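Chain lettering (A, B and C) follows the sequence in which the chains are written, and residue indices restart at 1 in each chain.
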Amino acid sequence: MKTDPIKEYKSRFEAGNGKPFPALQAEAMDTFVRLGFPGKHNEEWRYTPIRPIRERVFAAGHDTRSSKQEVQQRFPFLEGAAYAVMENGSWNREASSLPEDAPRMSGISEAKDHPGVQAHFGKYADTHIDPFAAWNTAFADAGLVIEIPDGQRIDTPVYVVLLDQGPGAVAHNRLLVMAGHNAACSIRLITASGTVADQSLLNTTSEVVLGEGAKVEWDVLQMQDENAFQVANTYVFQHGRSVFTSRTVTTGGRIVRNKLHIRAAGEHCESNMYGLYLGSGDQVIDNHTGMFHASPRCLSNQLYKGLVGDRAQAVFNGRIVVERDAQQTNAYQSSKNLLMGPDAAVTAKPQLEIFADDVRCTHGATTGQLDDAALFYLRSRGLPRDEAVSMLNLAFAFDVLESFNEGPFRSFIEETVRARLKEIRI
Amino acid sequence: MSEDQKILDKVTQSEYKWGFESNIESETAPKGLNEDIIRFISEKKNEPAWLLEFRLKSFKAWQKMKSEPAWANIRYTPIDYQDIIYYAAPRKRPQLNSLDELDPEIKSTFDKLGISLEEQNRLANVAVDAVIDSVSVKTTFRDELKKQGIIFCAFSEAVQEHPDLVRKYLGSVVPYTDNFFAALNSAVFSDGSFCYIPKGVRCPMELSTYFRINAAGTGQFERTLIVADEASQVSYLEGCTAPMRDTNQLHAAVVEIYAHDRAQVKYSTVQNWYPGDKHGKGGIFNFVTKRGLALRASKISWTQVETGSAITWKYPSVILKGDDSVGEFYSVALTNNMQQADTGTKMIHLGRNTKSTIISKGISAGKSNNSYRGLVRVSKQAEQARNFSQCDSLLLGDRCGAHTFPYLEIHNPSARVEHEATTSKVGEDQIFYCNQRGLSTEDAIGLIVNGFCKEVFNELPMEFAVEAQKLLAVSLEGSVG
Amino acid sequence: MLDIQNLVAGVEGKQILNGLSLRVKPGEVHAIMGPNGSGKSTLAGVLAGKEGYEVSGSLMFDGKDMAEWSPEERAQAGLFLAFQYPVEIPGVSTANFLKEALNAIRKARGEEPVDSKQFLQLMKSKLALVEMDKEMARRSVNEGFSGGEKKRNEIFQMAMLEPKLCVMDETDSGLDIDALKIVARGVNSLRGEQRSFVIITHYQRLLDYIVPDHVHVLYDGRIVKSGGKELALELEEKGYDWIRDDKQPA
């Protein structure tokens, strides 16, 4: 008889011991068992077929550990930088590099009694309704805590490399970022497949808290192998006058589901969300954003762009909620897609839910093709068609790419995008 | 409360003017729904066996569905389907073509509503089918239309006189399995309008149906079927009102439009069912399924002005099946006090070179909630499909909600789909500017709101546009003394 | 026509007008000149009854105290403000807007509303004044208008509504010389024995075309100097620093 995956995960949970947050995690496991994996009838998952994730039993993990050299070779921009490697869901300290001026990082188990961790861990994730967040929480034993104390502004970015590892393995990565009052930092996540990865799943849940006046940049590059899976849930909580900026570039992975929820809880917050996704082959790339304006005089801005070819499917679901008290909110959202393959599909679902009257909210969504006139213009100047097409595609992606700060990381992303664009057939 | 809020309260709280009740003697079926009731309705209408069978099949399908769709952004107390009267008819049934035999009370009811049933009093270019509760009481200009081969009559009459046409098209666009309310309607529908425009004929006048709920405790389940044969054209209008009562009444209608090749159908609605009082007591629950099927190079255009009903659940849609077909949806939805509206459209692109346009204007006042919900689907074979959607919301006051839920599903790379949505309020600077030119704040708001809706009003036939503007004005103005 | 005595006005606790007095007789044209921040736009707003100002002092219009009047009551009594930044009202055509306004004013005066035919005739004659074509009146109020078109539209509305007192708030700002001439020609043709103008401006150049009877210098929320039209030229030549220096104690 076929094993019921969820039963298997439950027994795995019960066999584990030394849970850092026993009550919370047991409750999360119960929730996961109760909810199960979402199907088509779940409005949140209607356009995202996750059968390959739902039907297999993912292995518990793999002990392959990358070396520092391997990691730096693969991601040259890490040389000399502060970075942590999370491999198969836990911190690979040997491969990591944390100079003295890097922000304080600790494992969740060792930091569990820290008052900040006690106050924030599990407080923002919607564990009670999201099965992947619940699943992650149940297994979040080896996560990472990054703390930036009040007033500390860290100029150099800190990288977190998330590697899946081992055939058919699931890795539950857990991150908690606490930026204190007027603290500032830039966090860059790279998700990629490890050397022995094969059809593995990264299930990541991140919670990011910004104190008054804090500033956090959250850059994400998702470049797993073409048979790998990823579910990334990110929950951001902003106190007044804080600025949060996320930039997400997705080039790899068979199924990638990103959920980014931001709650602007204090006045004068600013939230920026940029996204770029390149889909080819049988990729499914799903970005669900939720911008929750709970306080007056905040600004939010979203720009998501996608190039979708072959049989790839892209989903953008952008929800903006302006609560009753959130007067003088400015919320903007734009979703643009280039659809390039006869069997490709794009679903855009922008949503506005407005309960305050003195607001300016707009959303726009377009789906179309490259401009024929522009293509002709370039060709008439002597550019071969393919080159002209990639030039225009890159131009389409440009306003998301240019939102990244200059430097080796941005160059690396640009190179990755450029190379990927060549693979998208039209 | 701020000064602005006081002004808004003043201009957004006025009385429903169509809330009178007429003393018309009516014959009703017992409360509740079962096969016997369906047989009773069918028998009352002397229906052929195939139609009874259609009703019974629909009833079975409805029973299996168990519950109402839950995805809409509306909240209401559950409907007790056994506490509704499914058939009510004025007792004195007139011979349908003789005005003399019409109950004078019915005639005066329609006079009060501004709908004259006397042909000589009507503007010459509008034919009216008047429906009270479950039955059609009078259709004007039938003979004149008949000369051109146009059939315009009560649905129940069409069943008797044109059974082949009705049988061919009934359920062809909205199958009885479509949804909970369509299934219910298919089981118990009482009357409505039927319209057939023959090949190549351009209907010389506006056709219209005026719906009036009168009897208490009843539901209204009308059914409208419009068939436009090849290269024909018709413009169809629909209006509705109901008495003020403190209990909710259910209205679950189905409208089907079948547009053959190169046909053009324009369907306009001014929906003004009783919305309930300002505390949300009473009012019509309006759950309506409207859909058109567009064959090659045909065009179906929906225009709606929705100001009434406690709850509106309505998505007039077009299935763009034929190549080069066109679908349009123009909507103004105004909610005030405790009203809730979840309305929009579906444009399903199946054919090549199909085009659709969606213009939706939502106005929320009081404590109401107003949602646009729309689907644009470009299927894989729909080459060169085009869609443009614009959804604008205007909020009057800070206790209402305006929501936008578009779904854009694109499966063909040659599609161009654009969607825009904005939310705004009436600007203080705009009001001051109008004041400075001598207009009162109340007039200024009326003017600005009408301006906001202009793109939609432009799509309405002239007479209706005037009526719609007045209706908005009345819904917003009124009580400033 | 207009009699302002000791006008004090402020917004959110900040006092902007500090005891301004001004008398305008029927048929007179008064120019009020002042540097940025001297209170010019506040004066225009206070005269038109804009909300949000704390006002004291006496405001007499046509012999009546208008201090408590709403903006529309002032407009109906014959006060017209040409806005520095005319407001856009999408979906409402200028023609329709003006018809509503004209009839609201007529109603307040106990006059019959004009019918469509009369209105169109009136409109046609007034459009010519500011060299606007009919098409513009069909467009939504100020929506998508250029700066010059907006200002011409203000003068057109002034001509249509036939006010007693016209307050022009920086009507010349953002106008090129051709548009300025058109606007001035329109205003000049509206001058008459029973109609007065208060022209609020930063620069003298508008006054080359609309010649004022009196010129006042507004500084720090009060009128610090008054004179004939030559005062404007003197100001242009010497700049506002001259006033500033002048004000300094010897």
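Please note the rule applied: a contact is a pair of C-beta atoms (placed from the backbone, for glycine too) under 8 Å apart; a residue touches a chain by one contact, two chains touch by 3 or more.
The structure presented is a predicted model; accordingly, all values stated were derived computationally and were not measured.
Farthest chain from chain B, judged by C-alpha centroids: C. Centrality annotation: B (chain centre taken as mean Cα position, compared with the mean over all protein Cα atoms). Looking at B-C and A-B side by side, the one with more C-beta contacts is A-B. If each chain is reduced to the centroid of its CA atoms, chain A and chain C end up 57 Å from each other. With each centre defined as the average position of its C-alpha atoms, the distance from chain B to chain C rounds to 48 Å. Measuring from the averaged C-alpha position of chain A to that of chain B gives a distance of 44 Å.
Only residues 48-51, 70-72, 74-76, 80-81, 83, 86-92, 96-98, 100-102, 104-105, 108, 140, 157, 161 of chain C touch chain B when the two sit together in their complex.
Note for the complex: chain A touches chain B at residues 43, 47, 324, 327, 337, 339-369. Contact residues of chain B toward chain A in the complex are 71, 380, 393, 395-425.
Chain contact summary for the complex, chain B toward chain C: residues 3, 427-430, 432-441, 443, 447-448, 450-455.
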